[in-house]
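See below for the structure under consideration.
The chains carry the letters A, B, C, D and E, assigned in the order they are written, with residues numbered from 1 in each.
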Amino acid sequence: MTGETTAALLATTSGGYLLVLAIMLPLIGTIAIVLLGGQRAERVALVVAPLGLVIAAAILASVWSSGQPLVYIVGGWRPPLGLALRSDGISAVMIAITAIVMCATVLFARGQFRGPAPGVEGRAQMVFWSLLLAVWGALNAVFLGDDLFNLYVALELLTFGAVPLVCLDGRAETLSAALRYLLFALMGSVLYLLGVALIYGAYGTLDIVLLAGVVRSEPVIWVAVALMTVGLIAKTALFPLHLWLPNAHAGAPAAASAILSALVVKGSFFLILRLWFDVMPGQIHLPAQILGFLGAGAILLGSVLALRQARLKLLIAYSTIAQIGYLFLLFPLAVGSGIASPFASIAWTAGLLQLASHAFAKAAMFMAAGMIYEALGHDRIDRLGGAGRVVPIAVFAFAIGGLSLMGLPPSGGFSAKWMLLQASVGEGQWWWIIVITLGGLLAAGYIFRVISPTLIQPFPAPELKAVVPVSRQGVALALALFAVLLGFVPLEPWPLLQIGRTAVEAHLP
Amino acid sequence: MTLLPLYYGLLALLVIGVAWWTLVARETMAAVIGFIAYGMLLGLVWAGIASVDVALTEAAIGGGVTGVLLLRAAARLRPTEPAPHEKPGLVFRVLVGIFCAIVTIGLAVVVLFPTDPAPSLAIAAAEHLPALELGNPVTAVLIAYRALDTMLEKVVLLLALIGVWSLGPDRNWGGLPGRAPAVVTDSALTFLAKLLPPIGIVFGVYLLWTSADNPGGAFQGGTVLAAMWILAMMAGLRAPPAIGSRALRLLLLSGTITFIVVGFAGFLIAGGFLSYPAAFPKALILLIEIPMTLTIAVTLGLLVSGPAERDKTS
Amino acid sequence: MTLLLDAFTIVAVSAGTFFFVAGTVGLLRFPDTLSRLHALTKADNLGVGLIVLGLLPQATSLGMGIRLIGVWLLVQLAGATVSQLLARAAARRNGART
Amino acid sequence: MNAATLFGLCGAVLVGLGLYGIIVHHEPIRKILAFNLLGGGVFVLFGIIARRGAAAGFGGDPVPQALVITGIVVAFSASAVAVTLVMRLFEVNEAARREARSGHSAEDAG
Amino acid sequence: MTVFLTLAGIIILATVAAGLWRILRGPEDAERMMAAQLLGSGGVAVLLLSAVISGIPAIIDIALSIALLAAFASAAFVLEAFGTRGDEPADRP
């Protein structure tokens, strides 16, 4: 790549300011909540959420219509000295998914966290709302950052936003789950930071676009990216570094579990994608296979453990481990012997589709589980009888989300898994077919374990602990329906996901 | 000059030795004390590689504030510390040891065979210093070239504080952080707790003031101020503020808010987010750095103080 | 003149270094906590003081000289109080045990 | 051997030691200590990169130095949250233990 | 002159190393805490020497900051480890 084309890639585009707003708006919301007090937190969130959705839509529309990435050079200081924000096709998609799930979560969590008296700030109230918005801003920073150290700061924002949400109730179990989560996440960050140091020492820049032009296949980049990948895997909870996830995701309040499982783990996954497909020079077949095998291990182990759980929220959390596994099948299948480029491959689209449909389905399922818990006062799977009667919409939302996890048509999960199967056949990597099929069967097993008792009306009828408003159940259903809607996308590579990547691709041998 | 490698070698061995001690010490308190020594020695290392800005930060945060944070934890956890440490199996330890040795060797190889010539942004960073009216390139990186990092890092501090606060009991929310301070009966201690803060405050302000052209800055100055505040609170000379207090929240956020306001003002006066106008960059940079120092000092102090465990009235 | 100042530096810094060595020997040889602490403080105070004194002629600016003296004052004040505190803490701990 | 290489090797050893401590130690507080040792090593590696990049009359490349300063503050925040979590967990467990022992409800259960 | 000052620095650093080795072994924590004191003065001396050797006067600021924080850490140690608090009995274990 010549200097001029690099320069052209890194110049503020029209509409680039949207990227600044996408990061800063939720964070300003967090600051406003701390300043104004938790008693006004919900109102702040209700203002920020629609605005965030509009910004996300504007970014997506802009990238889509122009076919070019959005870029913003912060402060006018160009990389490598300064920082750039950049939204290519997949960043725009991630931003949009995040905005949708966040808005749903805000609606779902309304009225859930109250102060001790009207107008008096409550602990959980202030913490939940301020950190919810912080997680949003952090995720947008992760998706838009173009500088590896800026991404480190974004990752830390994400960790610090997510961890306290786990132990919001202050019980010993959730405290120890949060501690474990934090220790894994911190180790992950340090390893990532170590990689950043090595990369700067070798190339004198941390900007991903610039790095793509100068990275050579040499030991230092392999050591660096290996360390960073291990760190990010710990944060993504990919098998075998998944141990922290189940208790953390199951212990959090439902609204928090929804974003932790649907979005937070995807932030670090997104960076693994960026590292291997944008920074590394070609020839990543072996690491891609390794990542694929870890993914396969996650699918099988997560599903089997999900089948054996006695509590609904733990079951959903284990299922997250399995569904994260599918994301990693993207690596071996997109790298493959591909005709054109990884980004044009069907596996690339399948991976992103899996990510999106899992985000919607899993958020819906955690919300549904939360409402079932509220209504029945427990979430023991063997005593879920009658749940279908007391919170029918929530159970329906759970079932629809489950459909997507199982990979039954029509659902985003089906399309994603179908395309993964197609890619496995196309690449001649038949072993993934077994894993994908087995994972689907196991998912069907654990979803039916939950659905079937809810439909039975036990005698005597279970005591209703709380009435769950239909509107909140509707939020979960709407999210689940989003997952279904994704099933109607065409089963072929999306051009949107290739936007902004061709330039980087030019370096690939 | 020929003796310098000897000095560096001795220092490196000393740092490794103290790190080793921190790792293997039987009692947590002993390990923490080792860690404090480690932080101070790293300050010497940073001085050895001519990074005075970092040395100031490392000495203040690594040895000082982090050390005190851990000291407190070790002191509180000590009564129940299990006497014999539960150790994982030998095979496991050997495997982990091999893994860590591989990482170390990998890094050593990278250190021994670096890219030549070393890439550097020093020249690019120097080029814009006159335009920013700054003499210290590190300050320029923090406050101008990579201002977004610094701004987001302020938010990281805020989130960490929310995280710490979130760990208090519901009934004390909005109250005073930490337990009741020590009852100081020791005159020497009172003397020290009264003597150090004024010196520290002068030093902290000096570090901020000198940072435009010399090593120092909001981080270093803020940390020193925080340490002095922590000392005064620990000795019971200053009551910690109630975390629900509006004034405290405003002080806590002052630097971050100023930074963001200046950032967005850049759209109007300098053509972009976090751009500084060519006419008066230094004034704006100082405008950001002064409240930022306060924000850092208050946040670090509160992070060490812990969640609210007392009511406002107590 | 420079030669004279340099000679002064060498003498003072040597003396300071000597006190550090002496203090450490005491630290290593003395049998109990309190006397070890005593050895440490005495030596350090003199050591730092003499080194500051020795380096003063090498100061390149007034500010540097002032800061050198500042360091010395701080070490004196803090050192004296801290050693007293640690001594009492050690004594109290011993007393509590026996 | 120059200072940069020497301290670079020192940093590599510190990273290995810290990593070992994080994995092998049982008590969370010791893991936090090891995390800080590891962090110190990583920062020193940044430092030698800065030192090697000395140019334009500066003792080192200012960019990695600035990154380290940001990193140190972030690492401190992390330690603060982790330590508070450990202490809270300890207190909650203690309260539960006291309650179990004495039978009547402990007042500090939070 | 530089060589002489470096030599002095090496000797002081060596004595600090020996002292640290002795102090950290304990047995009392108060004694271990002398490590901060030792580094507060030994480290300061070494830093002052290197400020002159390297010709970077700003290193004196590091010395100041180490001296200040060593005292701070020691005071905090005494307060935390041995301070009696308002809300708990003085004779806690």
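Please note the rule applied: a contact is a pair of C-beta atoms (placed from the backbone, for glycine too) under 8 Å apart; a residue touches a chain by one contact, two chains touch by 3 or more.
If you want to know which protein each chain is, UniProt gives these names: B = Multisubunit Na+/H+ antiporter MnhB subunit; C = Multicomponent Na+:H+ antiporter subunit G; D = Multicomponent Na+:H+ antiporter subunit C; E = Multicomponent Na+:H+ antiporter subunit F.
Note that the structure is a prediction, hence the values are computed from the model and not measured.
Hopping across touching chains, the smallest step count from chain B to chain C is 1. The set of chains touching chain B and also touching chain D is given as A.
Among the remaining chains, those touching chain B and also chain E are C. Note on chain placement: the centre of chain C and the centre of chain D lie 31 Å apart, centres being C-alpha means.
Averaging C-alpha coordinates per chain places the centre of chain A 27 Å away from that of chain D. The distance from the centre of chain D to the centre of chain E, with each centre set as the mean of the Cα atoms, comes to 20 Å. Chain A and chain E have Cα centroids separated by 47 Å. Residues of chain A found to touch two or more other chains are 81, 149, 153, 156, 160, 163-164, 167, 170, 175, 194, 198, 200-201, 204. Residue positions of chain E touching 2 or more other chains: 16, 29, 33, 40, 56, 61, 64, 68, 70-71, 75, 77-78, 81. Shared contact sites, meaning residues of chain D that touch two or more other chains, fall at 15, 18, 32, 45, 49, 52-53, 59, 63, 67, 70, 74, 77-78, 81, 85-86, 88, 110. Every pair of chains meeting the contact definition is listed here: A-B, A-D, B-C, B-D, B-E, C-E. Remark: chain E residues 1, 4-5, 8, 11-12, 15-16, 18-19, 22-23, 28-31, 33-34, 37-38, 40-42, 44-45, 48-49, 51-52, 55, 57, 60-61, 63-64, 67-68, 70-71, 74-75, 77-78, 81-82 touch chain C in the complex.
Taken together, the chain B residues at the contact with chain C in this complex read 186, 188-189, 191-192, 195-196, 199.
The part of chain A that touches chain D in the complex is made up of residues 81, 149, 152-153, 156, 159-160, 163-164, 167, 170-172, 175-176, 178-179, 182-183, 186-187, 189-190, 193-194, 196-198, 200-201, 204. Of all residues in chain D, those touching chain B in their complex are 1-21, 23-24, 26-27, 29-30, 32-34, 36-37, 40, 43-45, 47-63, 65-70, 72-81, 83-88, 90, 94, 108, 110. If you check the complex, the residues on chain B that touch chain A are 103, 106-107, 109-110, 114-115, 118-121, 124-125, 128, 144-149, 152-153, 155-156, 158-160, 162-163, 165-170, 173-174, 244, 246, 249-250, 252-253, 256-257, 260, 263-264, 266-267, 270-276.
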